[in-house]
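Please read the structure below before turning to the comments.
Here the chain labels run A, B, C and D in written order, and each chain numbers its own residues starting at 1.
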Amino acid sequence: MDVGFIGLGSMGKAIATNLIRAGHQLRVWNRSAAAAQELVALGARLASEPYEAASAPVLMTMLADDEAHRAVLIGQRVLERAARGLIHVNLATVSVGFARELTLLEQQHGIAYVAAPVFGRPEVAAAAKLNVVVAGAATAIARIEPLLSAIGQRTWRMGEAPERANVVKLAGNFMIASALETMGEAAALVRAHGIGAGEFLEVLTSSLFASPVYQIYGRLIAEERYQPAGFKLALGLKDVRLVLQAAETEHVPLPFASVLRDHFLEALAAGKGDLDWSALAEVSARHAELKRSR
Amino acid sequence: MDVGFIGLGSMGKAIATNLIRAGHQLRVWNRSAAAAQELVALGARLASEPYEAASAPVLMTMLADDEAHRAVLIGQRVLERAARGLIHVNLATVSVGFARELTLLEQQHGIAYVAAPVFGRPEVAAAAKLNVVVAGAATAIARIEPLLSAIGQRTWRMGEAPERANVVKLAGNFMIASALETMGEAAALVRAHGIGAGEFLEVLTSSLFASPVYQIYGRLIAEERYQPAGFKLALGLKDVRLVLQAAETEHVPLPFASVLRDHFLEALAAGKGDLDWSALAEVSARHAELKRSR
Amino acid sequence: MDVGFIGLGSMGKAIATNLIRAGHQLRVWNRSAAAAQELVALGARLASEPYEAASAPVLMTMLADDEAHRAVLIGQRVLERAARGLIHVNLATVSVGFARELTLLEQQHGIAYVAAPVFGRPEVAAAAKLNVVVAGAATAIARIEPLLSAIGQRTWRMGEAPERANVVKLAGNFMIASALETMGEAAALVRAHGIGAGEFLEVLTSSLFASPVYQIYGRLIAEERYQPAGFKLALGLKDVRLVLQAAETEHVPLPFASVLRDHFLEALAAGKGDLDWSALAEVSARHAELKRSR
Amino acid sequence: MDVGFIGLGSMGKAIATNLIRAGHQLRVWNRSAAAAQELVALGARLASEPYEAASAPVLMTMLADDEAHRAVLIGQRVLERAARGLIHVNLATVSVGFARELTLLEQQHGIAYVAAPVFGRPEVAAAAKLNVVVAGAATAIARIEPLLSAIGQRTWRMGEAPERANVVKLAGNFMIASALETMGEAAALVRAHGIGAGEFLEVLTSSLFASPVYQIYGRLIAEERYQPAGFKLALGLKDVRLVLQAAETEHVPLPFASVLRDHFLEALAAGKGDLDWSALAEVSARHAELKRSR
């Protein structure tokens, strides 16, 4: 299938690579050209302007946030110049409000908006093992099914309204961040009693909490290994902000998310914004005056 | 092996039953005699006073809390009358401070204190699939190994100081309670956006959070099925209190535990103390004015 | 002095009235004309369009929020048509970011932006007893000094950068909201022990806390008298949101503000948005299942 | 009046001095004799054992906490040896549970228990300007009225059940601690925006918050002057713990108190336990990476 692809950060690059491997023809664009060249080396064509990527029947985007999407899709007139009938598959985590706004706006341009945010870190994306949460018009989703199955291990359909997928993605990211904070606090507690964080987390993540999130992040926290970042702490704060916004419009108090916000802010104030977001655990350690193990 | 067993609530009964099935000779005592009779029917001998259960070389106890242990072990003079050389295996969740106190006190009576708190609900105990966290003198633990393997799927050794097992158990229960609160808040968020809690939790607990705690409790929360209680909400508050105490002595702030305490108190104020502790999710639903689904 | 005045809600009307009484000539505009007519009856002239109010040398605005200011000042082209040399005195509580934006934008139009947010409820405004926090160019402030002294009991100068006054105003509103929550929680605690909230608050607000905020709101909370609203709870949430935003840009965690946000949201979910913001106390009472006294 | 007085810390010494100045005969005891000698120099008689202080018709105690009272009153057999008809006036901040326990116990010894906790720092005590909250048998209170008026500016009667005074005292201390945290967070916010804490607090504490608590502690926070301690931070944590206990028995969630607990613990972990409890503000400053001004 001919696919335009905009946004080749660590996640986008891994996903685009899998699409090429699965035999699809990609037309790629990225703000900094270097990343695009890597894909060209694998067989992709280079779009010299973002709107050229929208000349394919399907456009996939994986940009950092609402603002980046707004700058490219609207600011660089991608939607305006897109062919009617385009399916726009947004793989990124954007706000619920922006998802609603884009749905309407693209409808006016004859574009079908499909939200398809993904769960998984860059190594999971590279292994084509993402969990893809998708919502949008059923006919559009049916057409892009081969693309989604090329990048993920499973696709979860959440209905026709695109923003439903975003709500699920944001609520899921909230659950991950809560797991990070939980392990950070529990690790501080046991360490203050002379028990190693690794020794403790090994028990829990091999039994009751034997799941990817706890095992992967539990290891990072036990080893205090927060570089290189699979997902930067500064982006974690962004997602918590989107969670709180989505909750606020519907009047849903989320005290755990409030604690997360405060701790992410403290980590940023301490200059940890570029570490992996599991470095959130350092906030709890610091509050108890626990020193780094090594 | 000859084993005394005190405390035949839903957990104790299931554990004692497995010990009998594994061929051990039990001498049981329980405050209300009816529960003891069920074990007698399976072959146990009845102790007419608690101290008689301590005439075996090993005494196991599974009582509700510090106070119940104090009342029986000290108040009813079990420790005083116990044979020197007794190994006391405490399966219950008690405070770190009480664990330290008992260790010293039993030492004075020539008793080896082994802390062996267990992770698992009554149905897990019945299936002999508990995770047992054990700490105490290595020689004592070696002798009771056959007992522990008869009741659990795995034993986790945490060293010689018994209270280390209690710290791990409490930190683990904190992690479970945090998972309950996390799912409760996430469920409130998605429900306020018109997405079913079950629909949402299915995605997460089949992928990133595919572990027993999230799957079992996720189902209870999605179905709002809080009766019968596997573990009562009022006992959940007790454990959070023990967690906060263990943290306070070492000056460890635990903001998630503070939120848990507040929400457990609100649930108790609303008369939910006898529901399963996963009913904690109802607090988040109520804050957002979400009605019960059915 | 000739003064344009836009925004005649309960606060704006009271302030504008005092300006007329002090002998100033007002040209007033309000979205709904009825409020403007009351001022005309006192001697003000009616502006048929908002920009006409900007033909005086000083324009005062008292609108609900950033959006209302944006709609009038930019959307209705007030700034564009204003005479160069205009001093715009913004009496309202706006975001720090919007204050910065307006400062730059008005500079481009040759307008001097002065932030002059006020502390005080409508009855305080009517009594010309407001506390006015002012920041902006010293020359501009010197010229409007007679206006500020006509509406308040005291003017507090915070320097040349207008947004400094907004930071102080927001931090002050945070302190008031914290006082409300504090009294709400303390009242719940004593009531649960059988002591009347009024009996308790009388002690504290007559001694250690003998200040306007505690005495005025303490009485409303003790009497559970939340109507009519001096300041609506929904606006309280707006201000807490602005506080959290101003804190977030500078990476300042504010856990008390996070609790306030959660409780304001819960109050809104329960339909209390139009009550006085001291109804925040009902959230704490509800959590403890305390019924209204009367 | 003949008065026994036990507990001559900075508060007790100031109070006892005022009683002597008012013409009362004191018999004093203190754990460390040096403090007692200062009172003897003013005319008090020295009790060589605590129980001797209970031979007067009135015994006043001002000890650090429940444990200290228990050690002296019960451990050193003061109650046992006291004359029937003794009035015991407890000026200290003790737990609600301990107040109930003492009331019953003293009744059995024919002693009338009066709770009379005081609001005020040592300098306020020295100036005989305390606010005294009193509860107990009306006849007993009538007899000690001259004593209370010698030490305080005002007495607040809370009824016959002594623990009512303790509830009021604890709820009041919670309000003070909340004010400290509020000023600490607000100061961090304005400082991060380049505004001095003193500059900001001057505005608020001269207007809406013009009360002793805000003015006295606002100055300490603005000047970051936390030594010498008028009330030690470690004792602040103790009081918050008593507040949370009193709330827990009645199922009252207090999220602000939970934040206070976490921040006091962090301050203790950072070694600030002997500073004045207004040093709580340093926790908020540290979270935002603000350095000490001087």
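Here, contacts are C-beta pairs under 8 Å (C-beta built on N, C-alpha and C of every residue); 3 or more make two chains touch, one makes a residue touch a chain.
Because the structure is predicted, anything quoted here is derived from the model rather than measured.
J.: Treat touching chains as neighbours: how many steps, at the fewest, connect chain A to chain D?
T.: When the steps are counted carefully, the minimum from chain A to chain D is 1.
J.: Keeping to the contact definition above, tell me which chains border both chain B and chain C.
T.: Looking at chain C and chain B together, the chains touching each of them are A, D.
J.: Among all other chains, pick the one whose mean CA position is farthest from the mean CA position of chain B.
T.: Centroid comparison gives C as the farthest chain from chain B.
J.: At what distance in angstrom does the C-alpha mean of chain D lie from that of chain C?
T.: So the centre of chain C lies 37 Å away from the centre of chain D.
J.: Once you find the CA centre of chain A and the CA centre of chain C, what distance in Å lies between them?
T.: Here the centre of chain C sits 39 Å away from the centre of chain A.
J.: Going by the contact rule already set, what residues in chain A reach two or more other chains?
T.: Residue numbers touching two or more other chains: 247, 251-255, 259, 262-263, 265-266, 269, 287-289.
J.: Would you mind writing out the residues of chain B in touch with chain C in their complex?
T.: 255, 262, 265-266, 269-270, 287-289
J.: Taking the complex as given, what residues does chain C use to touch chain A?
T.: 241, 247-248, 251-255, 258-259, 261-263, 265-266, 268-269
J.: Which part of chain D faces chain C closely enough to touch in the complex?
T.: Within the complex, chain D contacts chain C at residues 96, 119, 131, 133, 154, 156, 158, 163-164, 167-168, 170-172, 174-176, 178-179, 181-183, 185-186, 188-190, 192-195, 199-200, 203-204, 206-214, 243, 246-247, 250-257, 259, 262-263, 284, 287-289.
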